[in-house]
Amino acid sequence: MSPTPYLVLSVILFSIGAAGVLTRRNALVAFMCVELMLNAGNLAFVTFARMHGNLDGQMVAFFVMVVAAAEVVVGLAIIVTIFRTRRSASVDDASLLKL
Amino acid sequence: MTFPWLTTLIALPALGALLTALVPSGRGTLAKQVAIGAALVTLVVGALISLQYLFDIDMGVEAETYEWIPEFGASWALDVDGISLALIALTVLATPIVALAMWREAEDETRDPKAFFALLLSVEALTLTAFASRDLLLFYIVFEAMLIPLYFMIGMYGGPQRRYAAVKFLLYNLVGGLLMLAAVIGLYVQSVDAGAPSFFVPDLVALDIDTDTQRWLFLGFMIAFAIKAPLWPFHTWLPDAAAEATPSNAAFLSGVVDKVGTYGMIALVLPLFPDASREFAPAIVVLAVVSIIYGALLAIGQTDMKRLIGYTSISHFGFIVLGIFALTGEAASGATLYMVNHGLSTIALFVIVGFMIARRGSRQVGDFGGVQKPAPKLAGVFLFAGLSGLALPPLSTFLSEFLVISGTFLRYRPAAIVATLGIVLAALYILWLYQRTMTGPVRPDVEGMADLRTREAVVVAPLFALILLVGFFPKPLVDVIDEAVEPTIVEVDVERPEPLAPVAEPVEEGTGR
Amino acid sequence: MNAPTLEYVELAPLITVFGAAVVGVLIEAFVPRRLRHLVQVALTLLALLAALVQIILLAGTELVGAVGAVAVDGPALFLQGTILVLAIISVGFFAERRLEGGGDAFAPAASSLPGSEEERVLVRQGMLQTEVYPLALFAVGGMMLFPAANDLLMLFIALEVMSLPLYLLCGMARRRRLLSQEAALKYFLLGAFSSAIFLFGMAFVYGYAGTLRFGEISEALTANLGQDGILLAGVGLMAVGLLFKVGAVPFHSWTPDVYQGAPTAITGFMAACTKLAAFGAMVRLFYVAFGGLRTDWQPMLWAVAIATMLVGAVVALTQTDIKRMLAYSSIAHAGFVLTALVAADSSATAAILFYLATYGIATLGAFAVVTLVRDSGGEATHLAKWAGLGKRSPLLAATFALFLLAFAGIPLTSGFVGKLSVFTAALDGGAAPLVIVGVIASAVAAFFYVRVIVLMFFSDPAPEGPTVAVPSLWTAVGITLGAAATLLLGVVPGPLLDLAQQASVFVR
Amino acid sequence: MNAYAPILGLIAIAAVFAIGSIVFSSVAGPKRFNRVRLDSYECGIEPTPQPVGGGRFPVKYYLTAMTFIIFDIEIIFLYPWAVRFDHLGVWGFFTMLTFIFLITVPFVYEWRRGGLDWD
Amino acid sequence: MVAENTTDEIAGFGGDPWWIIAIKCLAIFVICVVLTLFNIVFERKVVARMQHRVGPNRTGPFGALQSLADGVKLMFKEDIIPKAADKVVYILAPIIAVIPSFLILAVIPMGPEVSIFGETTRLQLTDLPVAVLFTLAIASVGVYGLMLAGWSSGSTYPLLGGLRSTAQVISYELVMGLSFVGVFLFAGTMSTSGIVEEQERLWFGIILLPSFVIYLISMIGETNRAPFDLPEAEGELVAGWGTEYSSIKYAMFFLAEYINMVNVSAIATTLFLGGWRAPWPLSAVNDGMFNTGWWPLLWFFGKVILLIFVFVWLRGTLPRLRYDQFMHFCWKRLLPISLVWIVLVAAMRLAFNEGIERNDILLYGGIAVAVLLVASLLIPEKKQPEEPEVVEQAEFDAYASGPHPVPPLPGQRFTAAPRIPATSTASSTSDDSPEEGSRA
């Protein structure tokens, strides 16, 4: 099995995620794009694990899932709080802090 | 182990500063007394140390080295040679005088005067450390650290523009200091590469540094020192600082502290970077000459007395630098002597001007006139100080100026000639200043001006005594200085030009040292 | 299968801190609200102290534990110890209750709406936010793990364990909640973004080396040197993640916002400890794992270091908020540390360790001072309000000036020795241009530090200016310690330098 | 043949069925639209339609989602552990016990602090 | 560690020729549809019987074709897309809901190897090493259908319904997932055929009874069925997420729901009830004759329909839960119980593996249970609210608002001696106002 397609897919996912974070103004969407990036990383890890024939990469994928979950929890907490306070989840509305 | 004279010398003012700071606020007079007491004790110790070198009386003063930061090979290394002795003597002498002179200066302020005196003493301690230090890192640290108390002294006590002056002073010196830091590190890295990490100056002098590196390091050090001992075009902070600081503070700043810059040139730059010094010497001589003329010309044009004296200092520093980079024994000795003498005369000038300003409440030349009528003694001491500033023989400054110019003449004849022009200009600005303020019809504002008071007389007397003493009897001092300067000049490895012989061509590439 | 073994003794400091954090969560659940604050503070301090003692006892240990995932060696222990010391002081700042009239710097319930009835009730009852302490403990644990992580996975986990609590802590300010929450949001989004990038880089490095352990990666590098771009891409992406954490340009944009918005006690903690941990991890990663790739990553870090120093120093000039100014100053300082990192010289590690320790303590002190200058709206962070502080409260102003001077690298402060050692390492490693840039940046930076001093001492106080609150023992002791350390390490840096030097050898 | 291939076939059949039905229905069904019919359904007199994707809903749902994620992760770890339980021995058991304990701690916290209360 | 088995294939699968696979696919599709049609009628009939009604009896024999007729009718109904809806998602939602529901049966073994047109094959479309995980994953995809339906309708009730169904399904999915752990512990595999294999001796539903019960409860929650049908609680939410749907799209959701019922029943059968194996006395008949050939299909579908009957039975018997009780039940009861049960099962299994005597286990287990029981006595039955609400108990003046007394609101205390209305107008609102003022 050639790993290349998987890697290419993972890079594409990563790029979509990165582009999303940089362009989307909704905090939730940006955050989901980050999750997409993490999962792209997972895919890459699993592919490489397969390539190298060891399980390290798979293991990392597991841990990354945990981390992603923790990140979701923390992120949602923050986003919901700010959403409740200012009734908007747009990153642009969060503009009290400017250079 | 013998008594650590040098450490004591430094510790005393530091301790004094601490004590002064600890005096409860509101007890201003007590604080001043403590400060002056500390300064006087330091003076006594300094005098005892001087005895050994000037008159060969063994006091047991010797080099001290204590481990400090072994990781860097830095140590608390102190030693005294002729050059540093002269400057240490100047410092310990100047401090009580200045302290006495500023007795009332910090008074009008809303602030507690004790801080002013504590800062003065801390600057004294740092300056003494700089002069006595044989460790480059130690030197650098005090070189930079003394900026902070001075900064506060200028910024907190002084004229209306003091904030601007203080910041300008600090930033100029800080930038210089940081460049020097880079060079210090560079030098240190050279020693690391040589396998013996050390900041000990003799170790560093012994290093074999290639000329290219020397050039860079030289520039780093030189710019810092040129800012400190204001050399055109790095001088612009000085007139501001001199004008805005209190008169005695200005006296201390330009009379004593700035000597660290010229001291660094002669005691560090020349021995550390002989090749680069040789290479850059002509350029620096040019700058020095420009400083002399430029400072003098601008002094003539000033209407603010303190600013005027500030510009005269730039001119005088030009002489000192000229003497150092003429790279002849006479010139270097002259320059060293000049440092002391310039200190004495500048302090005298600033202090006396300070007296006048205190009486009249204005720094403007135009606000004075005919002072010699109501206050003849004041006018007298002013004239005396002024004459010492323009190097009238037999006052002390004459000798040093003569040595510098004659020493320079051996190597850079045009520079010497132009520098001589500086003397003429000096006569012009001093005498004109005297004429404008002291002579002529008595202005109504100065009619009731008080004459020299006792405290003021006590301040001025030792200065004048020394100016006369050194003028008439310079031998011990000159001997000591010569002894120290000689190896330095040899270090630079310039063939000593024959007296009055044609200018020698720069010597072929040296073998290193 | 064989059960893996854990070196419990060597890992004890970590276990202590994490264990205490878990207990802290349970305390939140079971201890009555009135007692919680007391219990939490006591537990946190005890745990941190215990961990510190364990670290001290472990000094000199060199081993790779936890099946190769955690290194217990000089740099790790040094940084862990430093982080613990800083954290202990920080916890003191967290517990400060005199400034807000019985409250601390945190909203009594982070989730409550500002100005809501719920919040008013809590405030009236004098309720305190106690979740801060377990969160801080988790963050400290992550910070301790970060520089000790010896494989990629642990590195990533530690990064997250360190960051996640910090994101939350940022959003808990009692005053100016919106600002605080926005800071948390920004920090979180950018932080998560960077860790995703970091992860992807990790994947590539793993793909190249086929292993997660630093030591084996290093071997793989030497075995098939110069093979392909996948490795370089991986290293680059990982560097981005780490550079983000240390706030290096061009990944610095979060720093000022977060520093400004977060509760100041948290800002201090974050500024000091995160930087320590992140640089520690970076040094280990780049020296131990990617040491063989030096020639490839050095140019990149050169550029970053130069940009960081210059941008940090120059942009700080334009700031009018004291916290933002300190933020940019921290960026510039990251640049200084990077100069040594780039040098990759034998003395670099020691220099970085020393620099981080001194910078950390000064930063903590500076931010603590910021918490004390208050007006009716809470902390008065606008620079204009600091005018004449030297007249109003000379001691405080002098202390702050001392910290600023330390940042500026003026001799006789710890900052000078730090800068000296860092620049020495850089020059030694042949990075002379970096040192020149560093010096220029220092000069620029000095300007804005001096500006604050001018403002404090030479300006007349505004008639309605802020007052200087009298802190309780917590803050007073913290600031005093910071100032004393800053001064002491400037005058006698020998022992700490010696320690740093002894601790500068990585176990592989 | 790959074990997943048959599933693809099934997906295809289901998709054809689902899409086909919808298309067929849209063709076959009557189309007598009017404004009222296209309005949102609501009990009130004036319909107040929610903006699509907008509207604010109780925080509890977020909280549930967060808790779910945490436990879902726990399950992810439990499954491989359970499958290989016999091979992991005592060490595996106690490791998982620790893990479950650590997951339980925040759960207890959430419980005690009212995070699980729907009011 | 090196992967021991890097292939995805399980022995006996993946070798079928394409036409067998096609037949199986079609068969599963047909089973799904037919079972749905059957179940609807079955449900209506059974519920009717329980309520002493007759149920549908017009269309076809005994009303058996009623649901088919309904389906065809829905097909020809007007297809309304509300103008507030997000069109694309609105149309996509039923498709997303329905497709996954067809997939789960793909990994369910319905019988042993049989011979179809000379080809020996298993009565299972395919099997995966992670087949159970696959079912969970597919089931969660189905949730999106409901959630998106609620979200895209652009109306309040559907949104609430969608949210509820999401919250509910994920909550119960959690418990469901935990109930599987015990099975895996014993089976040592996640492949469905492997699990059925492991139950040859004893059904997991018996040795893991708590797991089975938990699964049964959660499977009802998972499928949004009564008494857990809160997302479409007609009393509160009209029709929940389906309010805005009509015509065949509505039918799709309906279809998905009923197929899901079959799915979860099939999973229960496979994991806990021995799969296609005959129940005990029958399995012993004639050397396992009933466990070979096509017989197992009978047992399998028998068990499935039995479970469907349970669904219907519950619906006919139990009232709907309140939403908070329902969530509490999941999070505060089922979840902790599941966790404890998992630990217990694992401990027991470990003890067996380590060769500890059964008596010892019982002894120490008994002691542990006893200790726990005693400890549980020490826990106060009902905790007081941890932070007493500081609603200052306002003294209530019944006559405050006028000459007529009004009852107290929550938090107000009725004063014993009512004041004379005419004279006490000054202290009208509340008595704590001075204190309020002093605090402010």
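Each chain gets a letter, A, B, C, D and E, in the order it is written, and its residues are counted from 1.
Note that a residue touches a chain if its C-beta (ideal position, glycine included) is under 8 Å from a C-beta of that chain, and two chains touch if they have at least 3 such contacts.
Just so we're clear, the structure is a prediction, and the values are computed from it rather than from any experiment.
Trainee: Need the graph distance between subunit A and subunit D over the touch network, please.
Mentor: So the least number of steps between the two chains is 1.
Trainee: Could you name all chains that are in contact with subunit B and with subunit C at the same time?
Mentor: The common neighbours do not exist; no chain touches both.
Trainee: Find me the chain with the mean Cα position closest to the mean of all the protein Cα atoms on display.
Mentor: C
Trainee: For subunit D, which other chain has the most distant CA centre?
Mentor: B
Trainee: Compare the CA centroid of subunit E with every other chain's and tell me the farthest one.
Mentor: B
Trainee: Hey, which pair has more contacts between C-betas, D-E or C-D?
Mentor: D-E
Trainee: Could you please state the distance in Å, as a whole number, between where the Cα atoms of subunit D are centred and where those of subunit E are centred?
Mentor: So the centroids are 12 Å from each other.
Trainee: Where the CA atoms of subunit C average out and where those of subunit D average out, how many Å apart are those spots?
Mentor: So the centroids are 39 Å from each other.
Trainee: Determine the centre-to-centre distance between subunit A and subunit C, using the mean Cα coordinates as centres, and give it in whole Å.
Mentor: 25
Trainee: So the centre of each chain is just the mean of its C-alpha atoms; given that, what is the distance between subunit A and subunit B in Å?
Mentor: So the centre of subunit A lies 64 Å away from the centre of subunit B.
Trainee: Mark out which residues of subunit E touch at least two other chains, giving numbers and ranges.
Mentor: 386 - these are the residues of subunit E that touch more than one other chain.
Trainee: Can you tell me which residues of subunit C touch two or more of the remaining chains?
Mentor: Only 111 qualify.
Trainee: For a test of understanding, state which residues of subunit B touch subunit C in their complex under the given definition.
Mentor: 67-72, 110-111, 137, 140-145, 147-148, 151-152, 155-156, 162-163, 166-167, 170-171, 174-175, 178-179, 181-182, 184-186, 188-189, 192-193
Trainee: Flag every residue of subunit D that touches subunit E in the complex, lowest number first.
Mentor: Interface residues on the subunit D side: 1-7, 9-11, 13-15, 17-19, 21-22, 24-26, 28-33, 37-43, 47-53, 55, 57, 60-61, 64-65, 67-68, 71-72, 75, 78-79, 82-86, 89-90, 93, 96-97, 100, 104, 107, 111-112, 116-119.
Trainee: Considering the complex alone, what residue numbers of subunit A touch subunit C?
Mentor: Its residues touching subunit C are 7, 10, 14, 17-18, 21, 27, 30-31, 34, 37-38, 40-41, 44-45, 47-48, 51-52, 54, 56-57, 59-60, 63-64, 67, 70-71, 74-75, 77-79, 81-82, 84-86, 91, 94-97, 99.
Trainee: Under the stated contact criterion, what part of subunit D meets subunit C in this complex?
Mentor: 59, 87-92, 102, 105-106, 108-109, 111-113
Trainee: Under the touch definition given earlier, write down the residues of subunit A that touch subunit D in their complex.
Mentor: 62, 65-66, 69-70, 72-73, 76-77, 80, 83-84, 87
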